[in-house]
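Note that subunit A is present in both complexes that follow, paired respectively with subunit B and with subunit C.
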Partner chain A sequence: MSLTLGTGSVESAPPTAVRTRRTVRLDPRTKILLVLSSSFVVMAPGGQPFVPAAVVLGVLLALTERAWARALGLPLAASGVAAVAYLLPVALPHPAVGIVAVAAAFALRFVAVGGVALHLVHTTRPTELTAALRAARVPRAITVSGAVMLRFLPAIVAEARAVRDAMRLRGIGGWSGLLRHPLRSIEHFAVPLIASTLRVAEDLSASALLRGLGAATRPTTMRPPRFGAADAAAVLVVAVLAAVTLLSGAVR
Partner chain B sequence: MAVQETRTERRIDLRMTPKDLINIGVFGALYLVMVYAITMLGFINPAVMLVSLVASIVAGAIPFMLFLTRVRHAGMVTIFAIVTSGILALTGHPPISFAITIVCALAAEAMLLAGGYRSSRMSVLAYAVYSAWYVGPMMPIFYARDDYFSSPAMRQMGPDYTAQMEAVLSPAVLIAFDVSTVVFGLLGGLLGLRLLRKHFRRAGLA
Partner chain C sequence: MIRVEAVRWTYAGADTPTLDGLHLHVRQGETVVLCGPSGSGKSTALRLMNGLIPHFHEGELDGAVHVDGLAVAGTPLERLGRRTGTVLQHPRRQFFTDSTETELAFALENFGEPPQHIRERVAAAIDEHGLAAFTDRRLQELSGGQQQQVACAAAAAHRPPLLLFDEPTSNLSTAAIERFTATLRRLRAAGATIVIAEHRLHYLHGLADRVVAMRDGRVDAEWPGEEFATLDDEALRARGLRARTAPERTRPLPAYAHGPSIDHDATPSAPSGAGLTLRALRCAFRGRRVLAIDEAHLPAGVITAITGPNGAGKTTLARIVTGLQRHDGEVLLDGRPLKPARRLRESAIVMQDVQRQLFTDSVEAELRLGVPPGAELEERSRTLLADLDLEPFGDRHPLSLSGGQQQRLVVAAARLSGRRIVVFDEPSSGVDRRHLRSITGIMRDLAADGAVVLLISHDDELLAHATQQELRLRPLDGHRDPDVDHPTKRPGWYGMGK
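Presenting the complex of A and B:
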């Protein structure tokens, strides 16, 4: 594992430069705004009619980053979940099916917002996100701890996989183990994971402090976030989608 | 006497040292991975869905309790909540979940302050209060149920069926769910404390 901690101030050449060559790039702040606004509308009471608009937005965003599988999979997943929510209880009127259907109606909103969120997750590097949050005047305490968290997540996921594999080798992993000895399997998973992560964290934080993490001065960014034509287009698309939903009469 | 005074002053100090911020980031990441890894286990097999939800509350306690041993003043738990639930909000969790988490964190801060940031009993209570945030992602099921039951497909189902389903989604169920998260949070806090003494303190990590 490389012992570097990106604080958002220094950025090496993007490894995905070749892949993102001819795609539309939105400002990270716009992407955050798209996720939060669609989540705000779709998750609100009375937000169900906005689900199709959010799915369309998710598909359009997937197309801009040329994620063909997601552009196809998102509407399929949404209609599959919607079928379970609305058509299954009509076919099988039973309370147990009803509970599954209610859960599916709830999951449908997560699928719709998740489609928009996946664009943010797949196209924004942690350093860009941190720079965007800093540009949006988010307090330093939050951007610095958020940057550290985003830096550690992949390292911990790698550690967690290693611990899980080690557990499986000894035959104590998996959901059957969790059912038989819940507390013991949590302990077997958590203790080595935390111990090894904290050992890595010691080194990483020493290195980050040396390079000025958490210093009072505002770090400069190699590629500062800028709003452009793509962001204006995104706002326009969202306005059209909202207008179509409102005019279609689906909203009471 | 003078030493005592400066120490109380520092406790309500909201200024964060870089070391504090790194601790928040590291333990926030650990907390997310613990909760997420164990919840994901439930999606593989629907039979263990509820068990894994409970297990994730209990498991989240281990990094959280270890985090609390490094909390010396006010504000750290709140920033922990903002950062972890902020990242969940950016991946599609409902906004109300963020607000609920902040409220839970403030309640946990009050517990820690009452315990002088050193009381292990108060740390257990603080985790129990904090884990009440689990109700957040579930909230849309309850507050937006009219959306579902007034849809054209549901109107065909007849009033009996709708009444049955409305009973399942009653506020009483919501309250029962929230109370049980706090109870499991309490259990988790106790497990975290035990593991802290059994493993981490011996290894010099607590």
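Presenting the complex of A and C:
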């Protein structure tokens, strides 16, 4: 038994024109693949020569989503860290500087991979990610709990901020209190945080279960992910970047 | 459609049953309103109908519940979910995704509908519920009223024959309530069976086929819709119900204030005396200005309502005066400029979600926290607990109390705090008639003791009873219609949109 609302508007309704912004959109699976492959190559021993290629990839991805600040900031940050890693020890030969330089060389790899990962985080909605993982035949136990995690983490952060505000008002939030009664301060923070997040979690899971989350039926997706020209272009770009790195003789 | 027979339900860990001897039949296509005092079992009755009891909440169930011919206890939750749509009290907490479109598709996707069909249904729902204007915004950025619209549409997207609403208007403005009423009317005309648990009754006039008053977990009285419309206020009070008609709002005196954010036709001449004075107050979030007050005076000894549409800066103003929010400009108390850190120590807030401010392990410890001890305090807290029906719970853990009791406990703590600035943020959501009165009484006492009492509320009944002065704000992007809810564009009181 089902209800019909309106009068035959279902057939005549225009397809939803929600995504109006014209940006290049990669399939979420491609984005995940880019993050995985770039971290694997860059983080592996001897992966240093691939850092410039990863940075270029990050900048290109930032450009596709019109994140101008990141497109500019990423190479700047990378060159800054690289300067600390490779130029500073030459200019200032000192053991302490040497340690900083080693740490910076390590951090450089994270900056390079971070650029690619930020693209995934900024352009993929949790539901898209779940749909993509499902399409990639990832088991449901992982996709459902992953989706719940993604939804729930920001809620915990918000509750924690609220509890901190409430503590400041009650005069039990300051550093002095934390130093004098560390255990009690932690209790004053943790008890309301747990109580309020539990309540949020209860509402969320009740509503999700009633709407069939985790139902025995195999779920479908409103917009099934599809590989397109953009994904082919991304693969091509990655191939070119890898080839240039290899041919430049940086990898021995 | 619904048959509840001789149901007795006790939540796990509770001493007494929440429902006891509940009989309730709802016919197909009927609209039924469940009302009654706090704790009478309204919300629990709804959980019985969508299967959250006994499938999600733990406890002991006797009796039989049938929904659309299915025995609830023996039917998996997902099968019941196809037949019911539920809107919980706080829409923002039940969103699983971050956009209107994906939220509307959520149930359809989980129930395995074909993609083409989902897209058509979602498009139709956006159309029917008038959501087109905010499909490109994040759900958490929408106003409370808009979130409610999306939650209704999401609950109805898979076209369930039964729709359940738990206190749907507790945080809505008058304009948003009107839109919600229109939604109800449309769903009802389409043949849906509707059950609404509610305290505020005036907007349901002409919508309800039947009004059921609950008390102590069972049906206390019921009236057909037309007959309920003829009951006088005395009869309602006897059942612990709120007024049936919207209270007459006599416009209270405007507070002295001027500036771009102020929405007063006239303002009294500059006052003097104790209280809060605001000068050249400006506040912006991510470069977008949300509040601009050139000068204002919020007198001590008076309950001042801060009103205006969502997005006008009510909460921001409350956060500024209590010292929680950074801003430009000056805030003076009794003529002396006060830095935010000092204002924090002079302020108390009763938040919307009170669990966030219950810190200790007993009701009595909660009242003592941060207050200098003394014999007088003992005495006062005892009277206060009696006034608020909390007397038997002195030793109980605050988190073991019901939502309404927790709220009254936080109100009591604010009363005892001795602070000069006390803010009540929607203190009446989910509050019945009697406790509405007692909370109003406490606000008056605080004012009489010389505090600056600020009340943020959409509840006309509370505003009519409590307000002595009004500070009406308007959103700063002035080209918008002031009657329409505005997006909050920032994370609400404390992180999440409300």
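Rule of thumb we're sticking to: the second predicted complex is superposed on the first by the 202 of 252 C-alpha atoms of A that agree within 3 Å, B and C clash if a C-alpha of one lies under 4 Å from a C-alpha of the other, contacts with A are read in each partner's own complex, and residues count from 1 in each chain.
Please note the rule applied: contacts are C-beta pairs under 8 Å (C-beta built on N, C-alpha and C of every residue); 3 or more make two chains touch, one makes a residue touch a chain.
As the structure is a prediction and not an experimental result, all values here were calculated from the model.
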| item | value |
| --- | --- |
| Touched partner set for A:90, first subunit B, second subunit C, both or neither | first |
| Subunit B versus subunit C as contact partner of A:249, first or second or both or neither | neither |
| Which superposed partner A:158 touches (first subunit B, second subunit C, both, neither) | second |
| First (subunit B), second (subunit C), both or neither touched by A:39 | first |
| Which superposed partner A:126 touches (first subunit B, second subunit C, both, neither) | second |
| First, second, both or neither for A:172, with subunit B first and subunit C second | second |
| Doubly contacted residues of subunit A, that is, touched by subunit B and again by subunit C | 147, 151, 157, 160, 187, 191, 193, 195, 205, 208-209, 213-215 |
| Complex contact set, residues of subunit A against subunit B | 32, 35-36, 39-40, 43-48, 85-87, 89-90, 93, 95, 98-99, 102-103, 105-106, 109-110, 113-114, 116-117, 120-121, 141-142, 144-153, 156-157, 160, 164, 174-175, 178-179, 182-183, 186-187, 189-191, 193-195, 197-198, 201, 205, 208-209, 213-215 |
| In the complex, subunit C residues that touch subunit A | 50-52, 55-56, 68, 76-78, 80-84, 86, 88, 90, 93-94, 96-99, 101-102, 105-115, 118-124, 126-128, 135-136, 154, 156, 158-161, 186-187, 190-192, 322-324, 344-345, 347-349, 351, 353, 355-361, 369-370, 399, 491, 493-496 |
| Subunit C partner contacts - residues on subunit A that touch it in the complex | 1-6, 9-11, 13-16, 18, 20, 125-127, 147, 151, 155, 157-163, 165-172, 187-188, 191-193, 195-196, 199-200, 203-224 |
| Residues of subunit B touching subunit A in the complex | 16-19, 21-22, 24-26, 28-30, 32-34, 37-38, 41-42, 44-45, 48, 51-52, 54-55, 58-59, 62-63, 66, 75, 79-80, 82-84, 86-87, 89-96, 138, 140-141, 143-148, 151, 153-154, 156-157, 161, 164-165, 168-169, 191, 195, 199-200, 203, 205 |
